[in-house]
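Both of the next two complexes hold subunit A, though its partner changes from subunit B to subunit C.
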Partner chain A sequence: MTSRFHYDLIALVIFAVVIAFGVPALMNYDGFELNTFARYLALAIVSAALALSWGTAGLLNLGQAATFGMGSYAMAMHLKLRASDGLPDFMGWNNVPELPLFWVPFESLAFTLLAGLLVPAFIGGLIAIFMFRARIAGVFVAIITLAFLVAFQLLVINQQGQTGGQNGLTGLAQLTLPGWTVDPYSMGFYYLVAGCLTVALAIGVYLTHSKFGLILRAIREDADRTRFFGYNVATYQTAIFCISAALAGWAGMLYTMVLEFASPTYMGVSFSLAIVIWCAVGGRESVIAAAFGAIVVNLLEGRLSDVFVEGWHLMLGVIFVLVVMFMPRGIYGLLTDIGARLRGPNRRQSPAKARPSPTQHLETGQEP
Partner chain B sequence: MDVIANQLFAGLSMASILLMIALGLAIIYGAMGVINLAHGEFVMLGAYATWALQTFWGIGILPALPLVFLAVAVVGWVIEKAVVQKLYHRPLDTILATWGIGIILQQAVRLGIGAESRFVRGPDLLSGNTQIGPLIMSNYRMFVIVFSVAVLYGTWLLMTRTEFGMKLRAVIQNRGISECYGIEAKRIYSFTFAYGAGLAGVAGALITPLFSTIPTMGTGLVVDAFLVVIVGGLGSLIGAASAAVLIGEATALFSLVINDTLGRIAVLAGIILLIRFRPRGLFPTETRR
Partner chain C sequence: MQQLQVTDLQVEFGGLRAVDNLSFSVGEGEILCLLGPNGAGKSTTLDLICGKTQPTGGSIQLNGTEISQMLEFRRARLGIGRKFQVPSVYKDLTVAENLSLARSKRPGVWSALTRLALTDAREACEILERVHLSDRRDELAGNLSHGETQWLEIAMLIVQDSKLILMDEPTAGMTIQETERTAEIFRTLSASHTLIVVEHDMSFVRTVADRILVMNRGAMLAEGTIAEIEANDDVKTAYLGH
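Right after this comes the complex of A and B.
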């Protein structure tokens, strides 16, 4: 346990050093390239957030994009208000006479930052309480979160006057922190995103190695036995769902700043499943691996789509199917297997051999 | 009153389409516990196969149905052999793998045929409308309703009156014991998956005159179809049918009272509530796993 904690700490430090010094040097300190990479880093946060709920607690949340979208819209609303005098332009086009009430507090930066974290956490918490009190598990968690995602996206697109509908929120201002206007093509912005990712990963590593994380893993392995030990399983599941949602909202806020617009496609089924893909490729058991997976897949996507304009999506599908079939624990699983083999056959078998999949027991939907 | 009657018919028509798509999914999920997110792409393949048969060989929709069924069933069979069979002990991973397969199929069609919308002519025999008082019904939609009921009945016969169906039910109830009696569970699974895929292909063929045929048409359909299966209950045919009618009619009536989108949102909310309180569906089957 402690040795694994040390490995994770070392991995985190290496990861932080590489994205802080290695990547900008490789990119020649080029603003455009760094902006692209900052986008990957923002997506890495949401992938790590999914690893917390899916990898640690075994709750496959297919609606992660909804909480991501809430964060990104919170930030976009603030920046939109900064960009327009009084009423945002699209409200005029939709005959909305005055600013809707829920837009008003987004004038304040402090409120926006809090809302970007707490609104997703609150909504995530409501869904979690709703599900986990009834001991819903496995596939049914996936289906409920997916249905919520679809409904939420429809709602956002439908309320065109308040949310910009299908067009999303465009024409945003740049964020003004006290004494600093954040230019998304600057070094400063890159370090802001990299710093956020490092902090998010540190939180994730701490959580997975704390007693809280241990109980979550116990719940993943066997919810009933954990319950017999006297732990309130639903409370723990709800807590990790809230934390994961808040991290996703955080990632969403950064993502809006990178791309300088917010779109309802951030809440689409395809995007949500893409998050699952990154997490699975990296390895869902470790937040660092999941973040790494997000960066690798998006980097590949960027490079492949330059070379093979048409065929890259196809290759991505093939890679993903192969990963699921032959590397069910992702890159992380591959590394730990190699590590276990290097240490020799006398040592304890790698956990992969002992239990093929952390989600295996979820076969039956509701617990008895 | 006229509006309500017409809306009820629209709901029934939607239910028949949902049923056709969900039936294959229900069999695959019920029999094997595999969540097939590539199912929407099977529907899409069926639609494109119909288009190809009509454009290049001049075969109309109705004679094309058996050919489309076979073609998509073969695709499903190959996918089952190559990928799904390796993942039976990891049910949640099948969600991911079949989603990957869906991406591959979708992109393959986009690269091979093109992303633009294709049109398939409905059969001349079934063009026009039938009017009963104020109720106006499209003949083709009526045909789809009747056809989906027939397919439901056919599948029920297959499950209860044939040797294959008996073996399948045995494997669903207890795979290990069935294998002891000499039933090859793997073969049964392969055929079941192929049959489910074939049904999706037929559904795709039938909806081509009603929907626009584009490579991404399956993504929206699979979510709806999956909700039908979950609401209906694990592997229950009658459950899938009643859930399709329930969701189709609820969507149609809600869109009458509020607007289309809000109607759909209301239905999704209803489904979430239903799963919460009856996670095993409306008509759960007793299975031992």
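Right after this comes the complex of A and C.
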């Protein structure tokens, strides 16, 4: 047990209490407001997932939205089948005579939930094995994952008969669990998403403080050195990629339930880059901070994009540039630096400047 | 049987033979020192043994197993540890975390997932007494002085508990007292470990070496005890250039 582990556990408990009790009270238990906030919480999971691969292992995955989209479509396919009598409507419009084979198992809820986690993990793992066995690192990881994202989105859009194409999957049923029809505007649904986020963050906190997390941090700093201690670096990198992809898929499933549709824009480049921004603003070294970053940026977006419809994206860009320049470790870095200063000037702490900036390994092509 | 058997080892870098038909062996518990002028191929030889560089010819056998084509981490699992010339500790990790990392008896993902980061540090931290770092346990390794960094890396190798340890200039930048202490640590280590040490400090070599191998331009020039080497005319020529 280290003190940092204690701080993270305390932060996790505070975070869980605030989203479980504080937020609903602030929102006056209003169904519409809570649905909006549940959306932020679902996005917080995917931001935390990116913090695991990017912050802990130094692997900037720009294709995180692809795995998010897989989870989202898995849930949407299940809910679409529930809403349809036989063939989903869009298939009829596209002259698809019968249900494609890969749709059939999504009749089952258990299969859907498993697929929403395991399909992203499997696809993420395949890409990871290909990249990391060849010892691809730094900016090339970002390029390959980005290319995959674009290709995957194109595939989904082009297979209109099977995927709904540009329109996505709309007109979904509400999820029915045994004895509970999940209404996305209900308190119960909000707690479902909040509970999922808390569990996901607990997994993330444990992983970063396990020996697995320690080895990943070592790989981030010096992958070659780590091999000489007998660790198979590619296996570790692949493992964190799979875990991160599964968490993203989980977030995607919840997201579909919040918005009641799935769209190919969930697999878009701009969405994927937005995840990077949330993660950077919160602080990529901590999963809790990354989740917090997602909530803060999305709250801002919700409020500001009403006022500045056109200018909002420009503002988001400016925020990102400012964070990278002046707070390279995000809100988390700011807090730990303040904490270190409060504990006294005599304590030796790593100066913030010695820390790598989030884009440093992009510029040099080296891991920080 | 010898623990490490190197036969006709060679490597070329763009036409330059960095190591040229080198053959030698090391017995268990022995301390072999590699000497030679700059560019003689000493560090390259260590790189070839630990897998940092792939040989263009020859064989390396560890306890009879051919390892010259294995990936680095497999060689490490077979019991080869390496200390680099430039101290290679993890500057962003604490001293305890560095040691926990070096304790890699179970290097697989599953066992790493079921242990906390510092579970392995508890047993590993006893070693800090021996290298005078026990009060720096929670310090970031990046804040250590050069000598302390050297010792941390040596401590990491002891904790890693490899049967064969390759040390590249372990006393570079150390004070005389620190060097003496390092020699003492090496002598205790050799009871249960085999060491190959690249070193320039002759008084250190005199204290620790069981056997010395002198290299020049990638090839072996002389081999023997310290007295034999000091009396060897070829060695004098190579060093003084006459």
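We adopt the following convention: the second predicted complex is superposed on the first by the 350 of 368 C-alpha atoms of A that agree within 3 Å, B and C clash if a C-alpha of one lies under 4 Å from a C-alpha of the other, contacts with A are read in each partner's own complex, and residues count from 1 in each chain.
In this section, contacts are C-beta pairs under 8 Å (C-beta built on N, C-alpha and C of every residue); 3 or more make two chains touch, one makes a residue touch a chain.
All values derive from a computational prediction rather than experimental measurement.
Engineer: Looking at A:303 after the superposition, I want to know if it touches subunit B, subunit C, both of them or none. Which is it: first, second, both, neither?
Structural biologist: A:303 sits against neither subunit B nor subunit C.
Engineer: Touching A:6, do we find subunit B (first), subunit C (second), both, or neither?
Structural biologist: neither
Engineer: Look at the residues of subunit A and decide whether subunit B or subunit C touches more of them.
Structural biologist: Residues of subunit A touched, subunit B against subunit C: more for B.
Engineer: Figure out whether A:276 sits in contact with subunit B (first) or subunit C (second), or with both, or with neither.
Structural biologist: First partner only, subunit B.
Engineer: Touch check for A:343: first (subunit B), second (subunit C), both, or neither?
Structural biologist: In the superposition, A:343 contacts neither subunit B nor subunit C.
Engineer: Residue by residue on subunit A, keep only those touching subunit B in one complex and subunit C in the other, then list them.
Structural biologist: none
Engineer: Using the touch definition up top, name the residues of subunit A that touch subunit C in the complex.
Structural biologist: 1-2, 5, 207, 209-215, 217-218, 221-222, 224-233, 235-236, 239, 348-350, 354-355
Engineer: Quick check on the complex: what are the subunit C residues that touch subunit A?
Structural biologist: Listed in rising order, the residues of subunit C that touch subunit A are 50-52, 71-73, 76-77, 81-82, 84, 88, 90-93, 97, 100-102, 104, 107-109, 111-120, 139-140, 142-143, 160.
Engineer: Using the touch definition up top, name the residues of subunit B that touch subunit A in the complex.
Structural biologist: Per the stated touch rule, the residues are 33, 35, 83, 86-87, 89-93, 95-97, 99-104, 107-108, 111, 219, 223, 226-227, 230, 259, 261-262, 264-265, 268-269, 271-272, 275-277, 279-280, 289.
Engineer: Which bits of subunit A are touching subunit B when the two form their complex?
Structural biologist: The contact residues of subunit A facing subunit B are 60, 130-131, 134, 136, 138-140, 142-144, 146-148, 150-151, 154-155, 157-158, 269-270, 273, 276-277, 280, 310-311, 313-314, 316-318, 320-321, 324-325, 328, 356-357, 359-360, 362-366.
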